[in-house]
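Listed next: structures, encoded as structure tokens.
First chain A sits with chain B, and in the next complex the same chain sits with chain C.
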Partner chain A sequence: MRAFLAGARVQLRFMTAYPDSLIPFFTSPLFTIVFLLVFKHAGRPDLTAYAAIAPVFIALWWLALFNSGWTVTMERWNGTLEMLVASPSSFGAVIFGRIAATTAIGTVSFFEAWLVARLIFGTTVTIHHWGAFLLTVVATLAAMAGTAVGMAALFVLARNAVTFSNSASYPFYVLGGILVPVSLLPHWVRPLSDVVFLSWAADLLRATLRVGPIHQFWPHLGMVVLLGACGYAVGLFALRVILVRVRESGELSTT
Partner chain B sequence: MEAGAAVDVRELRRVFTPRKREPVVALDGVSLTIPAGEVHGMLGPNGAGKTTLVKILSTVLLPTSGTAQVLGHDVVEETRAVRPLIGIVFGGERGLYTRLSARQNLEYWGALYRLPSATIKERSAALLERVGLTERADQRAEEFSRGMKQRLHLARGLMGDAKVLFLDEPTTGMDPLAAREFRRLIAELKGEGRTILLTTHDMVEAESVCDRVTLIDRGRLLATETPRTLGRLISRFQRIDVTGADEALLAEVTALPGVSSATRQADGSTRIEVSEEGATAVVLRRLVDGGVTDLQTSLPSLEEVYVQTIGERGLGV
Partner chain C sequence: MSTLRVVWYSIVNGANDYWSIFTLKSWVFGWLIRVVSQVTFFALIGKLLQKQAQTDFLLIGNAVMVAGMGATFALHQPTNERGNGTLPLLLASPSRPVVVMLARGLYVVADAIWSALLGLAIVGPAFGLHFPWPRVLLVIPLTVLVGAAAYCFSTFLAGVIIAHRNINNLVVNTTIVLLMALCGVNVPVSFFPTWLEWISRCLPITDGLEAIRGVLAGDAWSSIAAHVGGELLSASGWLALALLTFGRFIRAGQRDGSLEFAS
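Right after this comes the complex of A and B.
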């Protein structure tokens, strides 16, 4: 827990020291405008929930993945990666703390996106199920951070983790159905989508914005938690294996 | 493992196998014991294996074979026990979060060493004071001079109250005053009973702060002795600088048993090198008998030991 908190605390400091890591806060309102314009001119006001949620997911997932790669890359550039690994704290827990702090701050994009919807399009995004909404947000943030730890393991192996992390976000946007419903994807893609926690989380969050009961809330929330926990567990295991491998090969500090 | 040893290395070997290139033997059967409380210098040229040894001891690199223990804990099998006991300080610009302040750097490392918050605040303040950075504590590290960064490096290495410190060329690029101050700090740390393994190119540094020095080259240990003993090892290579001796006398002296060379220096003097114990006295007597009054003998410095032992490979190392 101390390692997690140490990571979270230092990440908050880094976010003020590296303002470029806050780019999603500038892009999120722009995405909202684009998506709302498209749906409005397509005559699909029923898809407003998609337009309201998608920019937030893009921001959060970008923050999680980018920071996962950026953390590994920056530690290498700074020459601190080896010392971090040689410290008594779990490397995975530190990374988890850093990404969790980032995604928690990323929730600001909810307010940005919905404020833009209100001010520019006069569209009010209403949360009809507050409890479910908050639970889903918390589970989603944890799942994002957990999954990003798994990605960090891969980034340790990559020479240029930042480039990798930038491009790695796009498949998740598609598989997560965060803008285009998964039901519109080819059939053979859907099983893949089912193992991406984003698809469950996005469905749930959209459901909390609609009137009426949420279909199978708890099982779906369970899937978000389960997939996130699996991502974290696999990530920790992969990190352990990969750290042994790079300690063997001597490539830990390779940039 | 020898009793009382802080570092115990047995037949340590490390081979790097780069892709599409021949394997490189970085350490080749290294055995070394450093008693607790010793400042041990590791002296060698680039690529000698110094940093590889430090990396293995600090658990970030695995040996190909052999064993290494720190305070009785195996660095491969017992990393969790080793890591809280060690501190690592690398030289140069890297190793710090440059956009964080000195204090924030230390606080982060304190948290990684699982210290309670109160201890972190107390220790970071004390260490900043100790390394003379209190007034710059809240300034970003990127604004620091190299010497200040090095001092911050050392403070960071001490945040976990390390019993064994690995200092990998810590004074690289420091100006002489800063380096002297740094050595004073090392002496203080020794006084506190910490064990220090210091890798360096700097002979003066090794001579001034180390209890013992190991010469290493191409992954092999060449000798481990006190700086003074290492100097004595090649006392047979003692030098005599002579001014005013004529060519005939010099030729006669050069022919004496135990004299290995006589070389004309840029300032007009001649440097006579002897290679046998006792030869110096004979050479001096002959020179004085020959009417030479301007002569000077000197003991070898550690640098000469280094050059004599490892060879004058210059930039080829």
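Right after this comes the complex of A and C.
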């Protein structure tokens, strides 16, 4: 736990020192404006909830891709990975602490998006199912952090990690149905969407902003948690393999 | 003649940079998929609204925006030079840094324009967008114009932030979304208040995009020509600003030492 908290503290300091890591908090309100403009121009105020949710997912995904995903790689580039591996603390706990801190900070975008909706467009986002909303947010953040651990491992292994992180935004926004529900995608795409936790999370969050009952809340929430846990497990396993490999080959500082 | 040589070597440098970033495989399965997904993401909003006109508007706007977005990535050029430690050499040389920067980033614009056209050609038919033949061919030079205008704009911005490389990515990303919001990419600029519409018209992309929409919608040539003129004016204005100010920003950075020691 102490290692986890230490990781979280370090990450918060990094984020305040590097303005680039705060990009989503500048772009999230702008995306809210773009989406709300489109819906206002189309005369569809009923879609305000869609416009208020999508920028949050964009911000969280961006943080997972560019901050959390690069955590281990940045430790390597900074020459601090060796010290981290040699210390008695759990390597996984420190990394997860850093990623969890980044993900938790991402919730700021909720307030930004909804504030923009209120101040610029005069629309209010009403949460009709508070319990379900809070549970979904917590599950989404956990799944995002879990997926980010998977990315952190992938980026160490992949030769084209930069290309991947630059390219893996919009494909997941489409597959995850963060603005337009997956039900509007062609049938052949839907099996792919089913394995992206964003699609379950986005549907649930939108449902919590609607008056009517939420259908199949628990199974959907379970899918968010399950897919996030899968990402975390794969990431943790890959990180262990990487550490064992570089320790055995003695190439820790040069890999 | 020496300027031409500088331009040529800068282009060759840029091309080598480009091929070190992308292989054909990573371009197709990474970048191109992102471009297609980006255009699809916005076109799908039209499906959500159940209006073909909205779908076409969003699709065309966001496909052309890829040219503007890619050109804005050129903001990374001076920062990359600093990161690579080659900026001091460039500043010490007798060539004008702005000429080198402009020429060196041309590959970014070429890639952006090509990506935008591919995005339009691939996603358009999937969403039932009609391409009137042979007018549609005009979309190619007009997209080149949009990319070039956005590139002039981003070169100007690159000079402004050259001493502040720690906010480079922030400026790139924020600028891209701002252009998406203001340049008539997702809603017509006539929807904005008049003062905001005027600001939009000063930015790159806006008029060029309207010209492209006009070509695809079969508008009168006079209207298209007016928008082309507007985009040319915008591009020239941003280019002039870049040429006038880039050297000043560099010299200011040299004077206060911020170019090499800024964090």
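Keep this in mind: the second predicted complex is superposed on the first by the 233 of 255 C-alpha atoms of A that agree within 3 Å, B and C clash if a C-alpha of one lies under 4 Å from a C-alpha of the other, contacts with A are read in each partner's own complex, and residues count from 1 in each chain.
What we mean here is this: a residue touches a chain if its C-beta (ideal position, glycine included) is under 8 Å from a C-beta of that chain, and two chains touch if they have at least 3 such contacts.
All values reported here derive from a predicted model rather than from experimental measurement.
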| item | value |
| --- | --- |
| Partner chain(s) touched by A:Val38 [first = chain B, second = chain C, both, neither] | second |
| Touching partner for A:Leu5 - first (chain B), second (chain C), both, neither | first |
| Chain B versus chain C as contact partner of A:Asn166, first or second or both or neither | second |
| First, second, both or neither for A:Ser193, with chain B first and chain C second | neither |
| Partner chain(s) touched by A:Thr107 [first = chain B, second = chain C, both, neither] | neither |
| Touched partner set for A:Pro88, first chain B, second chain C, both or neither | first |
| Which superposed partner A:Leu30 touches (first chain B, second chain C, both, neither) | second |
| Which of chain B and chain C A:Tyr18 touches, first, second, both or neither | both |
| Doubly contacted chain A residues - partners chain C and chain B | 18 |
| Of chain B, residues touching chain A in the complex | 16-17, 55, 58-62, 80, 83-84, 86, 88, 90, 92, 94-100, 104, 108-109, 111-114, 140, 160 |
| Contact footprint of chain B on chain A as seen in their complex | 2-3, 5-6, 9-10, 13-14, 17-18, 77-80, 82-89, 94, 244, 247-250, 252-253 |
| Interfacial residue positions of chain A with respect to chain C in the complex | 18-20, 22-23, 26-27, 30-31, 33-35, 37-39, 41-42, 44, 47, 50, 160, 162-164, 166-171, 173-174, 179-181, 184-185 |
| Chain A contact footprint on chain C (complex, rising order) | 21-23, 26, 30-31, 33-34, 37-38, 40-41, 44-45, 47-49, 51, 54, 58, 166-170, 173-174, 177-178, 180-181, 186-188, 191 |
